[in-house]
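Only one structure is covered here, and it is reproduced in the block below.
Note that the chains are named A, B, C, D, E and F in the order they appear, and that numbering of residues resets to 1 at the start of each chain.
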Amino acid sequence: MSEERYQQGIAQLEEMGGTPVLAMLEQLQDTTSDLTRFTVEFAYGDILSRPGLDLRTRQIATVAALTALGTAPVQLRAHIDMALSVGCTRDEIKEIIIQMALYAGFPAALNGMAAAQEVFRVKDKKVA
Amino acid sequence: MSEERYQQGIAQLEEMGGTPVLAMLEQLQDTTSDLTRFTVEFAYGDILSRPGLDLRTRQIATVAALTALGTAPVQLRAHIDMALSVGCTRDEIKEIIIQMALYAGFPAALNGMAAAQEVFRVKDKKVA
Amino acid sequence: MSEERYQQGIAQLEEMGGTPVLAMLEQLQDTTSDLTRFTVEFAYGDILSRPGLDLRTRQIATVAALTALGTAPVQLRAHIDMALSVGCTRDEIKEIIIQMALYAGFPAALNGMAAAQEVFRVKDKKVA
Amino acid sequence: MSEERYQQGIAQLEEMGGTPVLAMLEQLQDTTSDLTRFTVEFAYGDILSRPGLDLRTRQIATVAALTALGTAPVQLRAHIDMALSVGCTRDEIKEIIIQMALYAGFPAALNGMAAAQEVFRVKDKKVA
Amino acid sequence: MSEERYQQGIAQLEEMGGTPVLAMLEQLQDTTSDLTRFTVEFAYGDILSRPGLDLRTRQIATVAALTALGTAPVQLRAHIDMALSVGCTRDEIKEIIIQMALYAGFPAALNGMAAAQEVFRVKDKKVA
Amino acid sequence: MSEERYQQGIAQLEEMGGTPVLAMLEQLQDTTSDLTRFTVEFAYGDILSRPGLDLRTRQIATVAALTALGTAPVQLRAHIDMALSVGCTRDEIKEIIIQMALYAGFPAALNGMAAAQEVFRVKDKKVA
């Protein structure tokens, strides 16, 4: 493993508002430091820090894919949170989730919307 | 959006015993009135109210598909409930879920059966 | 393995118009007689021959599930063919596939419809 | 069905460079004018024409979701083509597909890239 | 159904440390004795008791597949538990789950690792 | 990107009999050298070269997962080929594919077996 790529990944996570991802990785830390390290190094250090797309577009793509797949609700909520952090509005996130009804069906879209609702509520509570 | 299609959808939902769907849509209401509206208008108003198939057959198809996909447990329970409302027996629902072991594997069928069990229990409690 | 269950499976396949399934199984025969045997014995001998549901309903459930999953086009075409054999009309099959747009998205429904179209065309050629 | 929504869908398809979608729908026409009509009316007329997101972002979300799902190669190619039509660059499309390796695995990303490659080649041939 | 195959299935379950599977099946017992019987007879009696592969390899394959599918968390935990029972080490299980990041993406691997973590914790509590 | 990790990945691919993977990556080369590089560096250089599991077990896990997912037939064939290269027998590969009928259904297993059959045939032709 590479310290440089790990540090780049951590920096990228911070730029992307990655607190929910770090919390999830921390919970796994005692079981496997290796998978968490690969997530930071490869996902954030190698891929998501590439210059070819702005972070807003990257998060919209991830929210779309995780809503469509429907198998990773924890990660979907984390990425909805991060989408807000990099400048997506709530309406844009809801719009992309509605669009997924076309490509993955209404249950996938409804579950994606429930995930967004939960993230928005937590945010609203913190502010209040 | 169209008031007429929306009203047709609401009527269709009522005919199909759609209380569990309405409950789910109501919970999302403050986040997104649009997705709930599209669900009523398009799913119930446009598609499920078409005359080509009786409601019993439609619900069996939906229970089969949601059991096989395995990604929408809330919706699966709602549609098992509605299958009972339009005249499917518990044994028919269990039979269709067993059949899904062939097309999506035993875990999908076992999780589908657990969903049916939960719906049946809630119904039995209400009666008792 | 059990000769009795195997014979029951073959009889069930014949009752269900299972020529397309038998053709698929025959192609695999030299690689693995065991998986084909399990398919006949368990799928057709044990499950699909159970009395709890009529064959028409069973085939509609299978066509719904395979359309929604979208990962088994060969089997989807075989079961559309068998659905016709046990008395489903073309319009009923098309209706169930349209309904799957709601639960698995438009691409799944469009691909299901393309599968149905292919089965119908082959049937029409044979008649002509 | 509604003539107005259908016309809005056709207009939206044209704005989105929807020739590959129209070709796919036309092939299904003799089997089912209804599913093709619903696709135009609901997908393009109701959802994709909503003002909440620009078309470039919408296409990126769809390419991401279809790459991740991996079950609809024909539709993936159509939407890559349409992504180019609404202003996405080839590099942006490739970048979003690479990103999907993180959320759906390398085979999904590699198959998405093969789909992009095929679309690019057809475009290059037409120009040449 | 066959008493002999059922008894063979129960024996196989015991050899595989199948307590978590038996617990899951028992919970479904009042709803459906048939699906639990098919699971024992066919899955354990017919397939998993075949001599062609050692049980350690079989459990690794199942943990890999359920991690990749991501739709059956209860069954994944049961099979991680059984993998330990037939001699897989915790490190081997973690290694196979990390590998699934390549074929099904990081969320699938992270959720698989969280499942493993939960199984390990329960085991550690019992020992303490 | 890292030359050292890339070279380690290439070495790992050679040890695993990775000719079919290299062929697939080469076809994508003109579209995207980056995804092919990440596949070599991360999948083969970082993950599959880890010492925690022997290559035979790793390939069995991958064949199981890709059979169950059912969305990557090209990659499934490549990994069946590589499973043979690292010492799995044809019977072991067939056994793992049969087992997947339990976790992902019969169509997934039948399609996996058809993939194995194709790989075996190509091998037999080369020998003849």
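Structure notes:
Everything that follows uses one rule, which is that a residue touches a chain if its C-beta (ideal position, glycine included) is under 8 Å from a C-beta of that chain, and two chains touch if they have at least 3 such contacts.
What you see is a predicted model, and the numbers here were worked out from it, not measured in a lab.
Shared contact partners of chain B and chain C, listed by label: A, D, E, F. With centres defined by CA atoms alone, the chain at the far end from chain D is E. Overlaying chain C onto chain D using CA atoms gives a rotation of 120 degrees, to the nearest 5.
Mostly identical positions are employed by chain A and chain F in their mutual contact, as over half of the interface residue numbers are shared between these two copies.
Comparing the CA-atom centres of all chains against that of chain B, the greatest distance is found for F. In whole angstrom, the spacing between the mean C-alpha positions of chain E and chain F is 24. One finds 30 Å separating the Cα centroids of chain A and chain B. Chain D and chain E have Cα centroids separated by 39 Å. Chain contacts: chain D has residues 38, 42-43, 47, 66, 68-69, 71-72, 75, 94, 98, 101-104, 106-108 touching two or more partner chains. Contact topology of the protein chains: fully connected, every pair of chains touching. The part of chain E that touches chain B in the complex is made up of residues 24-25, 27-28, 30-32, 34-35, 38-39, 43, 66, 69, 71-72, 74-75.
Within the complex formed with chain D, the chain E residues making contact are 68, 101-108. Interface of chain A with chain F (complex): residues 1-2, 38, 42, 46-47. Remark: chain F residues 69-71, 94, 97-98, 101, 106-111, 113-114, 116-117, 120 touch chain C in the complex. For chain B in complex with chain C, the residues that touch the partner chain are 42-43, 47-48, 50, 52-53, 57-58, 60-69, 72, 75, 91-92, 94-96, 98-104.
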